[in-house]
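What follows is a group of structures, each given as structure tokens.
Shared between the two complexes below is chain A, which pairs with chain B and chain C, respectively.
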Partner chain A sequence: MENFIITFYSTHLALKAEKVLNKMVMKIDLIPTPREISSECGFTLLIHHDNRKAITDQLTENEIVYDEMYIMTEINGAKKYEKTD
Partner chain B sequence: MIYLDNASTSFPKAPGVSQAVCDYLDNIGANAGRSSHRLAREASRIIFETREKLAEFLGINDSSRLIFTANATEALNNVIFGLVNPGDTVLTSSLEHNSVMRPLRYLEKEQNINILQFTCNQDSTINLSDFKRKLAFKPDHVITTACSNVSGVILPLERMAPLIRSIDSSFIVDGSQLTGMYPVNVGQLDPDAFCFPGHKGLLGPTGTGGFYIREGLDLNPIKYGGTGSRSNQEIQPAFLPDRFESGTPNIAGLAGLGKALEFLSGIGIKKIRDHKIEIIDMFQKELDQLGEYKILGPKKLEDQIGIISVISDKISITKITQELDENNIAVRMGMHCAPSAHKTLGTFSQGGTVRFSPGFFTTEADIKVAIGILRKLIR
Partner chain C sequence: MKKLIDARGLDCPQPVIATKKVLEEGDFNRLEILVDNKAARENVSRYLKKSGYEQVNIKIEGENFRLIVESNSVKDDIDNRVETDQKEYPDQVNNVAGKTLFIGSNRMGSGSDELGEKLMTAFLYTLTEINTPPTCIIFMNSGVYLCVEGSDSLDNLIKLNNKNIEILVCGTCLNFFDLTDKLRVGKISNMYDIVEHLLGSEPVLSI
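So, the complex of A and B:
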């Protein structure tokens, strides 16, 4: 299981993404965008899931464009964000 | 009070609306789309959910194409000023409300636009032959009400839409009296823009409304400013809904509108329409029996949204309205912000009509009381 961070350029899109991803039965949190990540929108989705492709497929299927996706790891309390391809 | 002024704004509102407004004001209160704390997220969610519910209610696939405004007038202003260019020709009906006519008259004076109006028959049903004749002038835009706020006549938009599309004109609908009262699938009708209030048929709070714009329509905003998005840029965002929603929105009102939409969806638009037809049928028959009052507008129930305008040869509209008010019945007399419609109906020179506009919560007993007062006035 990995922690994915997805950023969006608008609040509407972030909430729309949350709505459609919720259907995949996964844990999703709408969180303030971490300051380490540059984003157009103050909200970001934190998703706990094991299949990155399933997430992007669901977004594409629902015509939801996201800005960036990161994998968040935490080592000794320090969070690290690695941008996915 | 028996409230028969729902064409102005609905009353009472849907159950739960005032509680939803209070809940936002008392327990959330934060701005939406800007800050990222929990209360801000909850406020953003209120607007998002209301937009999603409304899109579903109106048959619109992409809810981001629904823009919230303070009312239908602001929505129409945004669409008209955002779309009509200097020198354009606009075809409109002879039934329009001033929320359409005043922006158009302003543009006629200041930007030399040409205004054409298609005529209506004496009962205010549209003259389709004249509509087709005016379309031959190939107007750049057709802006029409879906339903008169004076006579209640429903315009045949499904028949008009393909004719408008065939000349490549833009198609703008003022859905003020239709939305929430009559089955309409905006996605299927496919106008370029559809404007609506949130506080009339949708039974939401005053200060709510909006418009839909179809994909690919190039429309300029009339408001520029903070949206919470692209905060590092001084250029207005191009994406929806942010492009048209600068400034803090009416979150309390939208919380109420969301609750109203839940109520309407639960009842179903068919039941809402059926109830209105029953009320109007009864009202028209009772009025006819009194003999004194002339109903302006269509007699066929299928052409009628549920707005009954009347005049009397012997009793002034002021006397009728005062007598009703003294007996706790609320109606609206006068021009109803639609001088063009009154000219069509032949009631302009005498100062207009008395308008009865029942709502979803109006009962047959309410109508009987109103008829009783009207009967007493004749004696």
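So, the complex of A and C:
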């Protein structure tokens, strides 16, 4: 299980993605985009899941274009974001 | 001399007001307050403790609760009273520089209900991330929806509560929305406690 973050081009897309992914029954939070990440949109999805591909497939299937994806790790309370495909 | 307050059937915050009156009159060895709901039990019990009655015995009698204090259990010593308050409100003592947040709605701002709800969830999440959280958060009217079963913010509020941030939830509002049994985080509170917080020494931010 890993934590990762998906950014979007608009608030509407972020809200739509949350709705679509919520149906997959998993831990998902709509959070403000972390300061360390630059994004067009103030909302970002924080997802706890073991299969990143399943998530992106689901978004593609629903024609939701996302911006970037980041793996989030936490070391001694400090969060680090690493861009991934 | 024993005194009995029958506060059954009284709406919040009447049971606390009745208790306050009798405490001011004094002239009792034993005071019993009979209430018929959990919110009143919490509010009266907290009021008694704040007034120096450390030992509040609560008996369950069917649907009702009988709160009992003895006048010799009152702490008159000021030092002791401070100690009691620290136990009861550790956050207020350890985090004196903070602010009180007043949240009177389950949405942030107006314009779109959907967006307002998401903004509020994101706002409460952000409180868990920052280094200068408030000392107290007060939830009123539809704001109480954030503290009950099924709320998207429940995990974040529990996190905040575990960091010693006091969470006060309006009992009248929970009752109005029929949510009292679904409360999952925070203390049921009344207008007296809430007004005391709002007019207290801490700055208040209304969301």
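Here is the rule we use: the second predicted complex is superposed on the first by the 85 of 85 C-alpha atoms of A that agree within 3 Å, B and C clash if a C-alpha of one lies under 4 Å from a C-alpha of the other, contacts with A are read in each partner's own complex, and residues count from 1 in each chain.
Methods note: contacts are C-beta pairs under 8 Å (C-beta built on N, C-alpha and C of every residue); 3 or more make two chains touch, one makes a residue touch a chain.
From a predicted model like this one, the values you see are computed outputs, not experimental measurements.
A.B. asks: Pick one for A:Cys41: touches chain B only (first), chain C only (second), both, or neither.
C.D. replies: In the superposition, A:Cys41 touches chain B alone.
A.B. asks: In the overlay, answer first, second, both or neither for which of chain B and chain C A:Leu30 touches.
C.D. replies: Touch status of A:Leu30: both partners.
A.B. asks: Contact-wise, after the overlay, does A:Lys16 reach chain B, chain C, both or neither (first, second, both, neither)?
C.D. replies: first
A.B. asks: Going by the contact rule set out at the top, does A:Gly77 touch chain B (first), chain C (second), both, or neither?
C.D. replies: It touches nothing on chain B or chain C.
A.B. asks: Of chain B and chain C, which one touches more residues of chain A?
C.D. replies: After superposing on chain A, more of chain A is contacted by B.
A.B. asks: Taking the contacts chain A makes with chain B in one complex and with chain C in the other, which residues are shared?
C.D. replies: After superposing on chain A, chain A residues 11, 15, 30-32, 43 contact both chain B and chain C.
A.B. asks: Quick one: in the complex, what on chain A touches chain B?
C.D. replies: Residues in contact with chain B: 9-13, 15-16, 19, 30-33, 40-43, 63.
A.B. asks: How about chain A: which of its residues touch chain C in the complex?
C.D. replies: Its residues touching chain C are 11, 15, 29-32, 43.
A.B. asks: Using the touch definition from the top, list the residues of chain B that touch chain A in their complex.
C.D. replies: Interface residues on the chain B side: 32-37, 40-41, 44-45, 48, 51-52, 62-64, 228-231, 237, 239-242.
A.B. asks: Quick one: which bits of chain C touch chain A in the complex? Just the residue numbers, please.
C.D. replies: Residues 114-115, 118, 121-122, 125-126, 152 of chain C touch chain A in their complex.
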